[in-house]
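Heads up, the next two complexes both have subunit A, just with different partners, subunit B and then subunit C.
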Partner chain A sequence: MARDNATEWLAAPRIGRILALLGLLSLPHMLQMPPWASAAVLLIGAWRLWIARRGLRLPPLLLRLLLAGALATALALHYGSFNGLEAGMALLVAMTAMKALETRSRRDCRLLIYLGFLLLLGQVLRSQDMPWLVWMLLGVVLNLAVLIDLQHPQALLPMRGNLRRAGLLALKAIPLALVFFVLFPRIPGPLWGLPQEGSGRTGLSDSMEPGNVSQLAQSDAVAFRVRFDGPAPPNRELYWRGPVLSRFDGIRWDPLPDEGGLPVPALQTSGPLIDYEIQLEAHGRKYLLALDMPLAPLPAQTYLNADYVLKSRQPVMDARLLPLRASTRWELAADAPRWQLGNYRRMPSGINPQTQALAATWAAESADSEAFVDRVLRHFRQQPYRYTLEPPRLTGRHRIDQFLFETRAGFCEHYAAAFVVLMRFVGLPARVVTGYQGSEPNGDYHIVRQSDAHAWAEVWIEGRGWMRVDPTAAIAPERIEYGLGAALGDSALLPGLARGYERRRDLAARLLLQWDRLDAAWNRTVLAFGPSLQRDFLRRFGVNELRDMLYALVAAIALVGLLLAAQVTWAHRRKPEADPLRAIRERLLRRAGIELPPAQRGPRQIEAALREAGLWDADSERLLAHYTRLRYARREPADPELLRGLRRALRAWPARRRPPRAPGG
Partner chain B sequence: MDSTHDRARRALDAAGEIILGKPVPLRLAFAALLARGHLLIEDVPGVGKTTLAQTLARLCGLDYGRVQFTSDLLPADIVGLSIYDRNAGAFRWQPGPVFTQVLLADELNRASPKTQSALLEAMEERAVTADGDTRPLPEPFFVIATQNPLDQVGTFALPESQLDRFLLRVSMGYPEARDEQALLAGEDRRAVLARLQPLLDAPQLEAMQQACAAVLTSPALVSYIHALLAASREHADIRLGLSPRAGLAIRAAAQAWAWLDDREHVLPEDVQAVFVACAAHRLQPRQAHHESHGGEHLARVLLSTVAVP
Partner chain C sequence: MLGPLRRAWQRKVDDWMRRHHPRRAGPYRINRRRIYILPSRAGWGYGAGALIVLLAAMNYSNSLGFMLAFWMAAVGFVAMHETHANLLGIEVRLGPPEPVFAGEAAHQPVHLRNSSRKARTALTISQDRLAEVAAEISDCDSEAHLYLRWTPQARGVHRPPRFALSSDWPLGLFRAWSWVHLAQDQVVYPKPAAGGGEPPHSSHDPAGEIGLERGQEELAGLREYVQGDNPRHIHWRSLAAHDQLASKNFADPRSEVVWLDLAATPGHDLEERLSLLCRWVMALHGRRQPFGLALGATRIPPGLGDGHRDQCLEALARHGQG
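What follows is the complex of A and B.
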């Protein structure tokens, strides 16, 4: 059977370690890859191990090229292109496997380890959540341990020792990492700037159909966290304004385009100002959330649109920290000219005739607009309407009719939609506002979950401007006062953390809340440490300009370097004291400029090396014999007196050894 | 007057005339004799294992016995047995071939484990116990066992505990082209052997053995040997590390090696010279691949990892 000498060094246990490491580091990527690709990668790894086990030859170049080409092509076809994180990582994993298939030398092995570091880095692009920090540290230590293993020419070193050394190395790197983290100048953008595919994110969508808010409400994922500067307003005032939906096609509600050119309406506020900070989870869209109503100053890179929705200029792809100001007593667009309100009165014609008739009846009974609004709310309150996460499905053209007159059961979006339709039928401008309502205190901040998602309505009334009307408050006032758990009781659809406070006593829920605090701290201090936070932080230490920042960075690196150098010198200075003769031998070798492996520093071997270096003469022979006598021809360790003699001889030794001078020079 | 050392050198040179081109195995074999240890020669048939044993026995002026091990050999065939003497009306002890000074145990691994262990027991005790009597073996007592590589058919591998009783294991290997041609062109080795005059005798050998045991091992050297042992026990690829007995063997062999160099102290290089021969047969690789060279390879790896103090 064909055996390959070059692979003998890389016997099965050694390549096995490397393959196991790479397999572990690829795992998070392989879970995201198409199953056939993960299977191919695992097969290639197994093949490489089998080759090592049997001492076979590596597959020929042509076969490897074909295989690599086939894998790359298949991945390109699957992903469409290699742009984007998932496609890029899949290619990296596949090509790492191919590299293993041609790995035979120590250099190849090192390259594989470096690829292992890249695989780790790839995971950071995908998620920077705190648990992955642990994964990263673990991966770095494992990578280093195998890298240390490769340094030995022949033997496999015990893994425990490798891990200890690698752990120490990683520990020593932490100060440098901290220096870079704090001082390396940040560019605006996320910590890891890579556009991500917006899939898999939960959050409010930009449009609304009956059913999608109630679906969102079944998730207890964190939507955002809030930290109030002062006392938190009561729950019923916490309306977190998200997308405003004004366009209605009979089923769907959509926002007006921002490019419509309508001016941002005037806002008057009274009452106290509320300063707070939102720590928003990534949701992949452009809208932000703000307490009704947001006030200047707005955070950088954000604006208010004509519907008074706070928006970001870029999609929110990473957790973001937004310092905001709000007032909960407000008057919006009180003096808006009627031509600006046309969009909020538009209705598709010919649908929901029963509703239209009902609105007309009530309008005839009502003295003014406000009386009409009250009439509608009274209807919701007095008639047997139900508030539920599982409303019956609405079908057909006349869905509002069906809801108001037949099913009479719905979630907030049903009530908000029905309310707005009723308003519009009598010519009152109205719109649906989606967002979140309420919050849950946890330590010094509040959590707003997806289960707090909510929809309400705004209606424009002559002389008063836009008024918030929440029909849900008429049907299920507990929802607004105490949250979804209080309103729905023990609905099976309600996620554990969204239930009422009294259900929070159990340990699991409390642990999860504790974890949320850690997560919040991680997001606030580490992930959100962008240009502005960095500037604020460094200003406290008198570092104001980019130039100062760079100086500080260089100085800190130099300081850390000096400390490490000091540590290394200190560690190396201590050892020889225990064995003075070894120190003398090492000095002899240094002076002679001879490099010998530690396992070959016996006197005969030193003699041979001295001969080879052309340094063998009567002096060096005497010196070496002196050393050998003290080292190997005595039953007791040499005493200080004898050692002094040898040291003296050693000091004298190289002094006589000058480079031959040119005659007459 | 010749020093004992010069005599030893001359004996070694004379042996080199017969065993062509194998100075290192020859010197290791002689060192084993000087260190009062037993020698295991592992090699394919026909490379001169028997000649080596006979040469050593003759040069040292020692009695020489030989047992060809086969699978049907019984323990009594080696150690001897009591025979009922009808005339005397009593049992008479009939000593086996083990009662000699140099015993060549040829193809030891062809015998059954029971027979192997009878010999190995005698080697360890330097005495034979049978019928309740303990009979000491002659002094000096030196076993040269040969065995075929383990992958040959019809062999019983010696267990580790018994391999441990051999001080050294050497391989002869095929001769170099030049030496093999000299061998083919020259006289029959057996005839040369028959003419060979003893250069030593038992008392002289005894004196040499005592001189070897007196060669100084410094604390640094002891720590070197210990580091090698410790490394063998920690190494990931080694199933079973070196025993304390192996450490003593390394020391004794290194002393003999140093003495043959006419030195009164052991150098790390002496340890390195004997280490592979001392350790290879005692090291069991964890994985069974590369079976034939596993121990030797591991021993070299240990030598290359452990720093000289």
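What follows is the complex of A and C.
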């Protein structure tokens, strides 16, 4: 391959810096991409660097197009589409690499750096945890430093100076960025459709198959945080209500559609009201979590559906603060007419015959519905059922039979499902409720983790309405009192932070909890700063309307502009004159308003200029004579006493005392 | 179709320029009112990038995304001020330029002076503010010297065109520029004619005056010593100065003086004749033959040497220009 002139400007060190930057910014993405794609991207980068090192020609267009097409096709096949965040980011990384392969001009380099900003964006879309803020700050400064590097067409600037300049620039921009952050009117998103609800986020899903919840319980990620206004209720009362699942197809449980037209049932509560605030992590779905049972007033943009699930009108795409009220003593739908309960009795026919037979036997033995419920729970308690995160897999059509009579090992979702099926076989309305159970106190708030995910059941009893029944409590009461760690012991599957709260008071755990406090504050103040929080925050300063917001924004921008201009003026101060006499001379010229070329500022020329300006009189003559004497005194440095005198004389000299008067005027 | 419109627009722009940027005599200090600033193409691209980030942040209600977008915007805002500040307060002067022949590139010295504490980086001068390729570029801690390249097409005394002192430092997102339009004479000699024969052998003084007295040997210049030169003609002082032997070159006015006379020069018009005279001046100078020049009333007595040549060329350049 021959040498290429166009690549000469873009010498190896220069492109090397850009490639290093992009490699760094792509790193978190490459860790998520399929390994072959990351390898391809790294290879392309290395190839570009080798081309620069050897001064070779860039690969021909056809080859580049083929390569780009092949990469894009392979990624599309791997991800199925480019709709999701991960697929989009993989494509961005791959195309950035391809762009590097055709980069030859300054414009191309700039584009690469702009792509670097998008790589940063991709990372913060994936996770907004605090460390990524640091990553973003760092990334922006590096981007700017390389942008500055491109700017000097002649020399390759030392990177340290670039970093200093970029850092300073970024620092100066921070106040304005904060102003924008607080004052820029926020619109409730999303702007365009979200193709994949809940993609790439952990959290309860809208449906349940045996295995979902136990998988979720293996993560110690924070699901939400709670701040109680009063004392926190005991752990066994902390049932956080999530999706209610009533439709059963033999394997899978699904919620009833909200559009079913069923009325929201009546709720009666007794006992104290509990006021609290949930700080919900984004999970990309519409259900919210609330302490069983939620009461009015509900937060804005939320509603209760017929299953008494608190829902949001928009998917929860950002961390949210929800002020809520609850009561843990309640009676729901006690007087519901039977026709409204049909959905909760429906069963696919012809499956689980053993379970059906068992239910029929018990029903015959039981005096009433409540006795039947007790019979079922007694069965769970007395028979050798195991509570485990790794139950044997259930297969075939009769899965409930298989669970109840063969495997007898399961997680909360298995027990809840079996319980509901048993109820329905005898005509009792019942449903599965998913959500979280328990919490972990940390400072002035409580953490609810994914490992607290739980499933329980509700059964409708004539005259009492819906009643919560938690079969897990029958099998593993420790789970409800003390959490998953207490129930499972130190199972290897349990995430570190979910192992018994009481037992792990070691330093690492304490540090992690401290960190969580910081994280909670970060989420409350920064991440949750959306339209509603912005409104509340600005109202405190009397900024209520959009118009006021815009005025404030413009005023703040103008203020920052003024400050920057002041800073420029300060930075542009005159260089200190090393020679005091020269400084005096310059001051004299400035005061007289005379402009002379630097080489023509001798006493004679100054005299001529003063005469011309009509400023020549006894005072100025004396002043100039004084200056001339010192200037040519051949004494270095000049006598300080005489210098002081000269300065004094200059101060007293009224240059503009007599403006030149037109003759006869 | 758009031609006339564009010309009309160009005329408007030129008028505006003449009114707002008249040629000035003295040093030109770039103050706030003399700086223009606009986003560059790269700046628009950056803005588009920030907008993409903003839209994505809105769509996903992503606070860090908002921060990134706002930070990018704020960096752009600060960069605008820095670009502006990079030009602010610079003093521009023009130095005396070397004369050139018509059609040749003239290099007008441009002196920049920065008396502030802030160092200036990557300053460009170019005739077109948008010129992507820098004509000349320099950093300016306190003094910098650049050359404005331009090509005068006709002989005479011209003034350099208006030019832009511009900068897109530090990020290239904005381009700030100031129009510099200063007075400085540029002497442009006529373009030497391509052909037209040998200089005349006429030693006839057109006015009958005698330039050099007869019999008097005139020192006409120095040339490199050649073996066999009369040792009495060696110029010893240049041996001391340049460590090189030089012989004194004596013109012999009696036999070799040539008078170049505009009136006796062939050609269709004045410019053609001047071109031819220019060629002859260069030729005679090259041959070290003394010559005199008569341009109407202007007469330059015969002589030799670089000074004499330059005097004659300048007379050719200025002829008929008041």
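To be clear about the criterion, the second predicted complex is superposed on the first by the 334 of 665 C-alpha atoms of A that agree within 3 Å, B and C clash if a C-alpha of one lies under 4 Å from a C-alpha of the other, contacts with A are read in each partner's own complex, and residues count from 1 in each chain.
FYI, a contact is a pair of C-beta atoms (placed from the backbone, for glycine too) under 8 Å apart; a residue touches a chain by one contact, two chains touch by 3 or more.
Source: prediction; values computed, not measured.
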| item | value |
| --- | --- |
| Partner chain(s) touched by A:His152 [first = subunit B, second = subunit C, both, neither] | both |
| Which superposed partner A:Leu169 touches (first subunit B, second subunit C, both, neither) | second |
| Touched subunit A residues, subunit B compared with subunit C | C |
| A:Arg582 touches, of subunit B and subunit C: first, second, both or neither? | first |
| Subunit B versus subunit C as contact partner of A:Thr73, first or second or both or neither | neither |
| Touched partner set for A:Thr361, first subunit B, second subunit C, both or neither | neither |
| Touching partner for A:Pro597 - first (subunit B), second (subunit C), both, neither | both |
| Which of subunit B and subunit C A:Arg631 touches, first, second, both or neither | first |
| Partner chain(s) touched by A:Gln383 [first = subunit B, second = subunit C, both, neither] | neither |
| Intersection of subunit A interface sets (partners subunit B, subunit C) | 152-154, 597-598 |
| Residues of subunit C defined as touching subunit A within the complex | 26-27, 42, 45-46, 49-50, 52-53, 55-68, 70-75, 77-79, 81-82, 84-85, 88-89, 93, 113, 115-118, 121-122, 134, 137, 142, 168-172 |
| List of subunit A residues in touch with subunit C within their complex | 107, 110-111, 114, 117-118, 120-121, 124-125, 128, 132-133, 136, 140, 144, 147-148, 150-154, 165, 169-170, 172-178, 180-181, 184, 186-192, 194, 317-318, 526-530, 557, 560-561, 564-565, 568, 571-575, 595, 597-598 |
| Partner subunit B, residues of subunit A touching it in the complex | 11-13, 53, 55, 152-159, 579, 581-582, 597-605, 628, 631-637 |
| Complex contacts: residues of subunit B adjacent to subunit A | 216, 218-221, 234-237, 264-269, 272, 287, 289-290, 300-309 |
